[in-house]
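Please read the structure below before turning to the comments.
The chains carry the letters A, B, C and D, assigned in the order they are written, with residues numbered from 1 in each.
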Amino acid sequence: MSTETTVNTEMTSSERLSVVASRELAGRRTVFAGIGLPTLAASLAHLTVAPRLEIVYESGVCGAHPSHLPETIADAVLITGAEAVLSMPALFGYVLQGGHIDVGFLGAAQIDKWGNLNTSVIGDWDAPKVRLPGSGGAVEVMANSREVFVVMRRHDPRSFTEKLDFCTTPGPDRALEEGVRPLGTGVTRVITELGILAREGVGEELKLVAVHPGVTVDQVRENTGWDLAVADTVETVQPPSAEELRLLREDVDPDRVYLR
Amino acid sequence: MSTETTVNTEMTSSERLSVVASRELAGRRTVFAGIGLPTLAASLAHLTVAPRLEIVYESGVCGAHPSHLPETIADAVLITGAEAVLSMPALFGYVLQGGHIDVGFLGAAQIDKWGNLNTSVIGDWDAPKVRLPGSGGAVEVMANSREVFVVMRRHDPRSFTEKLDFCTTPGPDRALEEGVRPLGTGVTRVITELGILAREGVGEELKLVAVHPGVTVDQVRENTGWDLAVADTVETVQPPSAEELRLLREDVDPDRVYLR
Amino acid sequence: MTMREAISSFVHDGDTVALEGFTHLIPTAAGHEIIRQGRRDLTVVRMTADIVVDQMLAAGCVTRLVSSFVGNSSAGSLGELRRRIEKADPEPLVFEEYSHYGMICRYLAGAQRLPFYPLRSYGGSDLSSVNDGLRKVTSPYPGPDGEPEQVYVVPPVNPDVTIIHAQRADRSGNTQIWGLTGVQAEAVYAADKAVVVVEEIVDDEVVRSDPNRTVIPAHAVDAVVACPRGAHPSFAQGYYDRDNAFYRAWSGISKDREQLQAWLKEWVYDTADHAEYVSKLGEEFWNSLAVGEALSLPVNYGRRL
Amino acid sequence: MTMREAISSFVHDGDTVALEGFTHLIPTAAGHEIIRQGRRDLTVVRMTADIVVDQMLAAGCVTRLVSSFVGNSSAGSLGELRRRIEKADPEPLVFEEYSHYGMICRYLAGAQRLPFYPLRSYGGSDLSSVNDGLRKVTSPYPGPDGEPEQVYVVPPVNPDVTIIHAQRADRSGNTQIWGLTGVQAEAVYAADKAVVVVEEIVDDEVVRSDPNRTVIPAHAVDAVVACPRGAHPSFAQGYYDRDNAFYRAWSGISKDREQLQAWLKEWVYDTADHAEYVSKLGEEFWNSLAVGEALSLPVNYGRRL
């Protein structure tokens, strides 16, 4: 497939989100990422804006050099040829809680204006309408990463909600209210199909800072379940460059496992 | 060296103590032992009264099969060919505090009637007459082994004392006084050049239960710094058998590294 | 020991059973034998409750689940688990919800016989409102600002039995795992009894050539069961790859109760043991999961001259 | 990075310096370079304070020692340490006394950024009367008898720098250790900066052929120093054996202040670096510590076909 053809293919939402997320990783050293968009973003950043970036996987793998694109965070191809494979107590205790992660990637079914996340239930916890998978390591990623990026494909009022059905994964504001000292700043970036929300740190709520080309501020407001704060200047997200798309399509995910 | 010659050599104090200690290990499964007399006793027991005995070393080695008699608990010959080598957090946390040690061996500069031990100082801790090495893992061996054997070469009133200069390693009686629940029963056997003191468990003090041939009860009393309790029947320790000595000299320590 | 003997000796009705293996080396064959033997009223402890847990739920073995992730990996939902929790259908499931590190710390406390284990999670989480196990302790040392500092703690878990899958062990139970080693050692040390299921039992010399590879020493193991391919549909690094197609299929199978029960009948109840399950899958199937060679370079442990 | 650069960049007057290695892989050469560079007012943290600590004390580098065993292995006493503690000669030494597991738990707390770490030691010990670091916490869960349960805790240690010795690392700092691995990983993760001294720096392929052998990943390491035989008189499994004769000799050397100072002059101050120390010991000497071959059998990590 020639470069020409690749770039001319119509861009998918996954590609757009991966490229936008990758740029936010500029200069970072360690990222804690699940499989899918976060890995694509991190792999692309490694080739562009963060050459020293290391992806740490929840399964215990550090410094992976996979022969194929991994399908899970525990894929055998991540282990063979890796620089280190740690036990879970070491990974969660020394690496994550020990403060060695610059950026943690998380997803969620619901997010609120403080960056608190719900991945447990829709409805009541005791008798839920939908039982979701739960925390996994999300509670720890939020509490201990220096900052957290959230990638949400869907941007609608049910996902971006005034009040979570259940707070699985609290940001530092909620932790501090309870007298527990968090180690990180919580969610600093939320990247969606409409744009980018950002938050500087404790005491601040998420604010719209950028929209994708063709998206209006009002559209984002309408699709957000709380009264969304908007930055004085809302940037328009620079579309993925030909080079970014080429790297993503030819080097990062040539078999289009995740770019479908 | 023929068996005949070996056995006819005059018995040393080390040999006597090793043999006596080995018999006390009958049927045990795991022993936490330092190098020297405890290892000799455990190795002999493995060949006689405790065929399933495994020595666990403070350095992290389990199931050693050394090519030469080890000179330290961390000797390279203990590692090569061992069944497992554990990190120190695993050894102390999972194996020892986890309750997997049947018998721990300890030594001390001073012992009292409850089996509390001093290995820190002679004199005041702040300005000691003699600074001793300190606990090492002794505090943990005492707190967590099912029972503890103490081997004391010297049996005199300064070592067997009414009041320790400093209690480095408390038995369970002292722990309970402070409201901390111990997991083991503390010292159950003290083997010396004069005989054997024994203690059944919490609330009991050490009692003379056996003397070596030629030693009188009064001799032991005189050499003990507290008013020593004596069992109703004081046994005479069976002298090492020809077979025990042969195994010790030919199989366990043929180069007489510790049997000098 | 055979799997049948091991499950029959070490897993009893009403027991708390930990099954560990984080995506890698999941003890599926042991779960299936628990189903075959019709165990009831189990409390299952497993960080990532996935397909094997859904199967045990569907077989009616489990009344209580302790977990930090209840989903079919990244491939979808667990149908039976969702019916049990969302609709108490066919019966309720008691669920204790933790995060991954919360579970890890419970095993750490259990393995170390500690009354609790502290961790820097849960501040502000609703999890503590639905899980009485999450409590707080005030540190006896001043915090960074000089004020008293609070931290969450979790209680130990001490399963009646922990079952894990591993690549190999010797006859006495010295167990070697490579690739992802997860929380297996802690889960074994936390348990009263431990069953290790392995791809192969090897000679003592193999284990002793590399003692650092031994993740669990013999003194912590009560039974060793040889059960090749017993981790399917998960994988065993260096032995066979993950059956991703089955993971994807499970969402569909489990969504429909009848289909799930038919699957259980065909693959569990109607197979005498895991060997039959393996041969029923067929040689061609296993060839599709075969892996090539990538050998570790040896290290020198040294020999006294 | 050379040892000189590493010590000069990462060890400063007044720092808290952890030197770990339990009998195996003791970072002696790093200690000697600290002496050469004349560091002052250090707090040294080391479970087994042995010969290298006695040497650093004698060179006047250390004002505070945190340790759980202060002796010359099983070979005798540390002369300088005893003079400092027993007679404040030539000056006092502040000594924080712990047990081994207490030290391990301090590293565990440090590595995990915990405010404290609980352990089942110290109940009834006089150590808590001389060490304010040993405190108690009441468990928020009832004890086995239903009553509240108390347990001792230790505070974290977070050294300014941890220095360890290892068999090998790659250029970016992925560090592999075999044989006794001790508490090295925890000591490194607990520290603000970490220096890893190795017998050899190896190609990336060597490390990556066996990722489970990596005890410390690159992200935790700030400097890698190649310094063959830098653990003498301790040993490096598979590289050279322990110099037991020197351990036995040290009690005599250190008993006499003049003899000790003469030893320091000859072997530390008058050698430019560890390479000179090694060559001064001579080839014949090193041959006497040489070890033979006992290679680990390889394992298969597998390759996707």
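Methods note: a residue touches a chain if its C-beta (ideal position, glycine included) is under 8 Å from a C-beta of that chain, and two chains touch if they have at least 3 such contacts.
What you see is a predicted model; the values in this text were computed from it and never measured.
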**Report entry** Neighbouring chains common to chain B and chain C, by label
**Finding:** D
Report summary line: In terms of CA centroids, furthest away from chain B sits chain A
Query - chain A-chain D separation of Cα centroids, rounded to whole Å - result: 39
Report summary line: Averaging C-alpha coordinates per chain, one finds the centres of chain A and chain C separated by a number of Å equal to 28
Query raised in the report: Between chain A and chain B, what is the separation of their C-alpha centroids in Å?
Result: 57
Query - Multi-chain contact sites of chain B, meaning residues that touch two or more partners - result: 61, 76, 79-81, 85, 93, 97, 144, 183
Query - Where chain C touches two or more other chains, by residue - result: 108, 112-114, 119-120, 136, 143, 149, 151, 179, 181, 185-186, 209, 212, 237, 241, 291, 294, 301-304
Requested in this report: Have a look at which chains touch which and call the overall pattern line, ring, star, complete or other.
Outcome: other
Query raised in the report: When you check every pair of chains, which ones turn out to touch?
Result: A-C, A-D, B-C, B-D, C-D
Query raised in the report: What residues on chain B touch chain D, complex-wise?
Result: 34-36, 58-61, 71-76, 79-81, 85, 87-89, 92-93, 96-97, 116, 120, 125-140, 143-144, 166-171, 173-183
Query - chain B-facing residues of chain D, complex - result: 22-24, 48, 67-71, 73-74, 81-82, 85-86, 88, 97-102, 104, 108, 119-127, 130, 136, 143-144, 149-152, 179-183, 185-186, 235, 237, 241-242, 244, 291, 294
**Report entry** For the chain D and chain A complex, residues of the former touching the latter
**Finding:** 108, 111-114, 170, 172, 174, 185-186, 189, 204, 207-209, 211-212, 214, 216-220, 301-304
Query - Complex contact set, residues of chain D against chain C - result: 112-120, 135-137, 139-141, 143, 149, 151, 153, 155, 167, 176, 178-179, 181, 206, 209-210, 212-213, 237-239, 241, 290-305
Query raised in the report: Inside the complex, what are the residues of chain A that reach chain D?
Result: 29-30, 54, 56, 61-63, 65, 67-68, 76-77, 79-86, 90, 93-95, 97-100, 144, 183
